[in-house]
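The structure that follows is given in the form of C-alpha cells.
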Amino acid sequence: MATITLRGISKAFPGVRALKRIDLSFWPGEVHAVVGENGAGKSTLMKILAGDYRKDSGEIQLFGRVEELGSPRGAQQMGIGMIHQELTLLPNRSIAENIMLGREPGLGLVNRKLMIQTARDNLKQLGLELNPMAMVSFLPIAVRQLVEIVKALSLNAKILILDEPTSSLTETETRILLDMIKTLRERDMTLIYISHRLEEVFEIADRITVLRDGQLIATKSINETNPSEVVKMMVGRELGDIYNRVATPKDEILLEIDKLGGKNFRDCSLVLHRSEILGIYGLVGAGRTEFARALFGLDPVISGKVKIEGKQIERLSIRAAIARGLVYVPEDRKTQGLFLELSVRKNLTINMLDSLSYWGLLSFRRLAEVASGLIERLKIRPPELFKRIRHLSGGNQQKVVIAKWLSVQPKILVLDEPTRGIDVGSKAEIYALIDKLATEGVGVIIISSELPEILGISDRILVMKAGEMVGEFQREDATQDGIMHLAAGAES
Amino acid sequence: MIQRYNSVLILIGLYLVLAVISPLFFRMQNLVNIFMQSSITAIVALGLSLPILTGGIDLSVSSTAALAGAISAGLIVRSGWSVFSAIGLALLIGIGIGALIGLLVVLGRLPPFVASLSLMAVGRGLTLIYTEGKPISGLPAGYIALGSGSSGSIPNLVILLLILTFMTHVLLSRTRYGHHIYAIGGSADVARLAGIPVGRITISVYALSGFAAAFSGVLLTARLWSAQPTAGTGLELEAIAAVVIGGNSLMGGYGNAFGPVIGALIMGGIGNGLNLLKIPSYIQQVVRGLVLIVAVMADFRSHRNNAAAI
Amino acid sequence: MKRLLVLLFVLGSISGVLFARGDLEGTVYGLSISTLNNPFFVTLKEGAEAKASELGVSLIIVDSQDDPAKEAVNMEDLIQQGVDAILVNPTDADAIVPSIMKANAAAIPVLTIDRGAAGGEIVAHIASDNVAGGRMAAEFLVEAIGGSGKLVELEGIAGTSAARDRGEGFNAVVGAVPGIEVVARQTANFNRAEGLSVFENILQAQPEINGVFAHNDEMILGAIEAAKAAGNTGIVFVGFDAIDDAIVAVEDGSLAATVAQQPDMIGALGVETAYKYLMGETVSANIPVDLALVR
C-alpha cells in the first residue's frame, strides 16, 4: 500500500497557479526524487506535504486514509518528517536536548540520564557514535543534518522529505548522507528527495517525478529514463519570440575579469564587450550571486583582477564600481533593491539626489521631471509618481529597480535574476529594455537560472557550477541540453 | 561553556587588580559588603534573565520593585497588616504585573520592549500615587531584618541571593520548563513545532521576572528601612547590564543562572573599588561605561571565535 | 582573555596612579552628598573642599545621585575605609538611618548637612538658619515699606521645617513693630500657580497691600504675576531661596529681595565642626548657617 497518495492537488497564490492537479503516490522503501526548475512547484508541493501550506483542492491519503495535515505539527504527528534546507536545530543546545525537545523525560525535573540515554540509543540506531552532550553549534553542517534526521525518526517518522539536503555539503559529507538514505530505505521508509543534482538523483532514487510550471510532467522508474530525458522534461517549453534581439556586440572590451575568487566561487574569468549581453547560467548555490556581489564590492574578494575599460580597479567597492559605471541589480528586489514603503518617485531618484539638489535642498520639480521621464521611458504602470512601490506588480517593481540605476548612466549592467516571479508580458518588456540598453552601448551581464531566458537573450553564455566557470557557449551553438548537462553535472 | 568561564575570569581578574591597587579591597568585610551591595541588582537580574533567555526583555522591573516596596510598607505602616501578608500581596502584585506584560506580548503581540516600557511608566505612576510622593517609614524589625540583618556573619541578603541563584539554576538546567525556555529563545518556531506551549511559557517568564523584581523591592525597602517612591530608578538598566556582562545572550537562547549574579558582582566590585580608590563620582561613571564595553566585547569576541571554529 | 586582563590591569593601575591621591595617613573625612547634579550641592562640596585643605584634612567625596540605595552602598564603602568622620547630606531622612547606625556601630562620628536624619546618633546638624532668614526678610520688608503698613504672608507646605522656621522668624519681627499689620496669612504650598491664585483672592478682599513675604521664590513669583494682572503696583515683594528666576526678577525690579542660602558656608562649617569635634571641643547639636539677602 502506498504511504502517501496525492489526488488532484492544486494550489494557487495571488496571480500564480503554483500547482495544477497533481496525482502522485509514494511507496514504502523507495527513494522518490522530485525534480524541476526553480519555480516548477516542488517547494510548494513539499510544503503542502509538511503541513506548511494548505492545499486549495484535492486530497491527501496517508496509509489509505484521507487526512488533513493542518499544521507542521499535525504532519509531524502523522509521521511526516521534513528536513529543511535551513536546519531547525537550536544551536546553543546539546544534541540530546534537540532530539528530545518537547518530550524531555521526567516529571518536572528532567531526567538527564534517561534523556541522554534515549538520545544515544536513537543515534545508535542509525549507526551514529556521537556524544549526545555535544553542543550543536560545534558540529559540522553535515552532522547537524544527520542529527535532524535522527530527531525526525525519533518522532516515528515514516516519511522523510529532504529538501536539497546536499546543497551545503562537501563530497565526503554527501557520501555519508547518501549512505544514510540507503539505510533508511532498507527500513521501508518513504524518502522524498528534492535535488538539482541529477548525478545524485540517478545514484540514489528509485523513481523520479518531474514538475514543470506547476504540472506533473512524468513519473518514471529510474531504470526507464536517463539524465538527458529528465533535462528535456524539466526545461521542455517553447521559446516564444519574446526575445527580440537587435543589438550586436562590438569588439571593444568593457570589462575584463581575471581569475576572481571569493566566498563560494574561485578562478572566475570573463570578458564583456560593448553592446554585448552575456548570460551566466547556474543552478541555485552555484556561486553566481556571490560572484556578482563581489564584483560590485558587496562581499570581499580573495584573489583576482578586474579591469573596466582597460583600467584595473585597485580595490573593489560599491563606490569604485559606480564611479566606473558598473551597477548591480540584485536578485531579491524586495529586500535589496527597493524601499517598498516609499513612493515610485523616491525609489527612482534615490541614486541621484545630489544632482537634483540646489544649495543642499532638493528640487521637487526636478525630482518629478526625472522620475516622470523614467516612468515614460520604461513604461512603468501605473504611471503615478506617488504610488507606493509595494502596490506595484512584480514586473513594474523590477522596472523601477533597473530604472533607478539608469540615472547614473551605467556602462556595465549586472542583472541578477531580473525576471524572477514576474509575468510573461513584463518579461518581454524587460528583455526589450535590456536589448535597447545594449544598442546604446551598455554591456549587460544577466544571471539567471531560467534556461529559456538565458538562451533567448544572451549573445554568449557562461555556465557556472560549484563556484567555477565550467563552460562557454556562443548564441548559435547553445542548447538547453548542453547547458543543463554542464550545470547539473550529468554525463552527456 | 567558554563564555561561562569568561565572565568568571573577568570577575577574578578584576578583583585581583583591585586588590593590588587598594589594600582595603580584599578584606573579608569588604568582600561581604560587595556581595550584599550587589545582591539586589543580582536578584532582579536573575529574574530578568528569564525573559531575556526567551529573546524578550523586561524594562518594568525597576518600577515593579518600587511599587512592591511601597505597597508592602504601606500596608504594614498605614493599614496594620502583618509583615507576612503584606509582603505576600506585594509579591503577588509583582507576579501580576509580569503576567500582564506576558499577556500583552503573547496575545496583544506587542514587542516586549514596548509592553514592559509601558508598564514601567504605569508602575512608577502607581507608586507615586500610593505613596503620595513621600517615603513610607516606621517598619517593624521583622521586615527590616530581611534586608539589614545577618545570620552569623553572613548578611541575609546574601543568603537569599544564594538560595534564589540555586533555585534558578535548577529551574533552568534541570527542569523541562527550563529547557523549554532555552528552546523558545533559540527559535520560537522550532519550539512550537516540538509541541512546547510557547505562549504559556512566555507569559510565565515575565511573571517570574515580576516576582523577582517585587522581591528585590521588598529587600530594598528593608535595607533602607523605608519605602522610597523613587526607589529602583535605573535598576532595569543595571540588571540588563549584569545579565549581559555575565555572558548571557541579549538575543536569547544562551546563558545560565550564574551569569547575571557574576555580572552583578563584577559591577558591584567596580563600584566598590572605584569608591575605595577615591575616584571622583563624575569619573566613576565614565569608567563604568568603559568597563562595560570591555567586558562585553571580550565576551562577544570569544563567542565569535567559537563560531569561526566550527 | 589574557589581553583583556592586561587591559583591565593597565586601566586600573592608571586610574590608581591618577586618582588615588594622598594616602590613608592623616585625618580623612567622608562626605556623602545627595546629588552632584545640582549646583547647590556642587557649591556645598566646593566649600567643604576649600575648608578641608585649609585645615589640612583630606576628604573622600561620594555622590548618591539622589538614589538612597546607592547612598547606602557609598556609606558602607566609607565605613570600610575607616574614615575619621562622616559628613552626610542625606537623600532622605528615613532611608539614611540604617547607614548612620552602621557608622555608629563602627564608632565613626556622623554629622548631617543641610538635610537631617530621622534616627541614629548625630554629632551635629549643620543647615541654613531658616528662622534667621525669616527675620532677615521681615526686617528688610518693614524698612522698605517705611515702618508701617499692611503685609501678606504666603506660607509653604504646612508641617515642613522650612515653612515653620521661615514663618517663625518673620512673625517674630513683624509682630514687634506696632505699625505693621499682617492682613492675610495663607498657604500656597511652595507652588507658583497656587501663589498666583491665592494672591489674586487676597487682592480681591484686600486691595490695599504694602508688602508680601513668601516662604519661597516660586510662590512670590506667582504673587507678582497676580499683582501685575490686577494692575496693582507699589507692593514690595520678598521671596526666599534665590532661585534663578528670582534673581532675574530682582534685577528687573519686580522682586525687591530674596533670601539666599549659602551652600559653600554650609559645607565649610560642616568640615570645621567635624574638625573641632575630633579635636575634643564640644560642638552644639544644631549649627545654623547664616543666610544672605539678595536685593
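When the chains are written out, they are named A, B and C in that same order, and each has its own residue count from 1.
The working rule: a contact is a pair of C-beta atoms (placed from the backbone, for glycine too) under 8 Å apart; a residue touches a chain by one contact, two chains touch by 3 or more.
Keep in mind that what you see is a predicted model, and the values were worked out from it rather than measured.
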In contact with chain A and with chain B at once: which chains are those? Just list them. none
Heading the list of chain pairs by contact pairs is B-C
Let me check something: if the centre of a chain is the mean of its CA atoms, which chain is farthest from chain C? A
Measure off the straight-line distance from the CA centroid of chain A to the CA centroid of chain B, and report it in whole Å. 46
Centroid of chain B to centroid of chain C, CA atoms only: how many Å? 35
Distance from the mean Cα position of chain C to that of chain A, given in whole angstrom: 73
Listed in rising order, the residues of chain A that touch chain B in the complex are 72-73, 76, 88-93, 97, 101-104, 106, 108-110, 112, 135, 137-140
Residue numbers of chain B touching chain C in their complex, please. 6, 9-10, 13-14, 17-18, 20-22, 24, 27, 29-30, 33, 36-37, 40, 135, 137, 144, 148, 220, 223-226, 228, 230-234, 271-283, 287, 290-291, 294, 298, 302
Contacting residues of chain C [partner chain B, same complex]: 1, 4-5, 7-9, 11-13, 15-16, 19-22, 36, 60-63, 65-69, 72-74, 76-78, 80-82, 92, 94-95, 97-98, 118
The chain B residues in contact with chain A across the complex are 1, 170, 174-180, 182-183, 186-187, 189-196, 249, 253-254, 306-307, 309-310
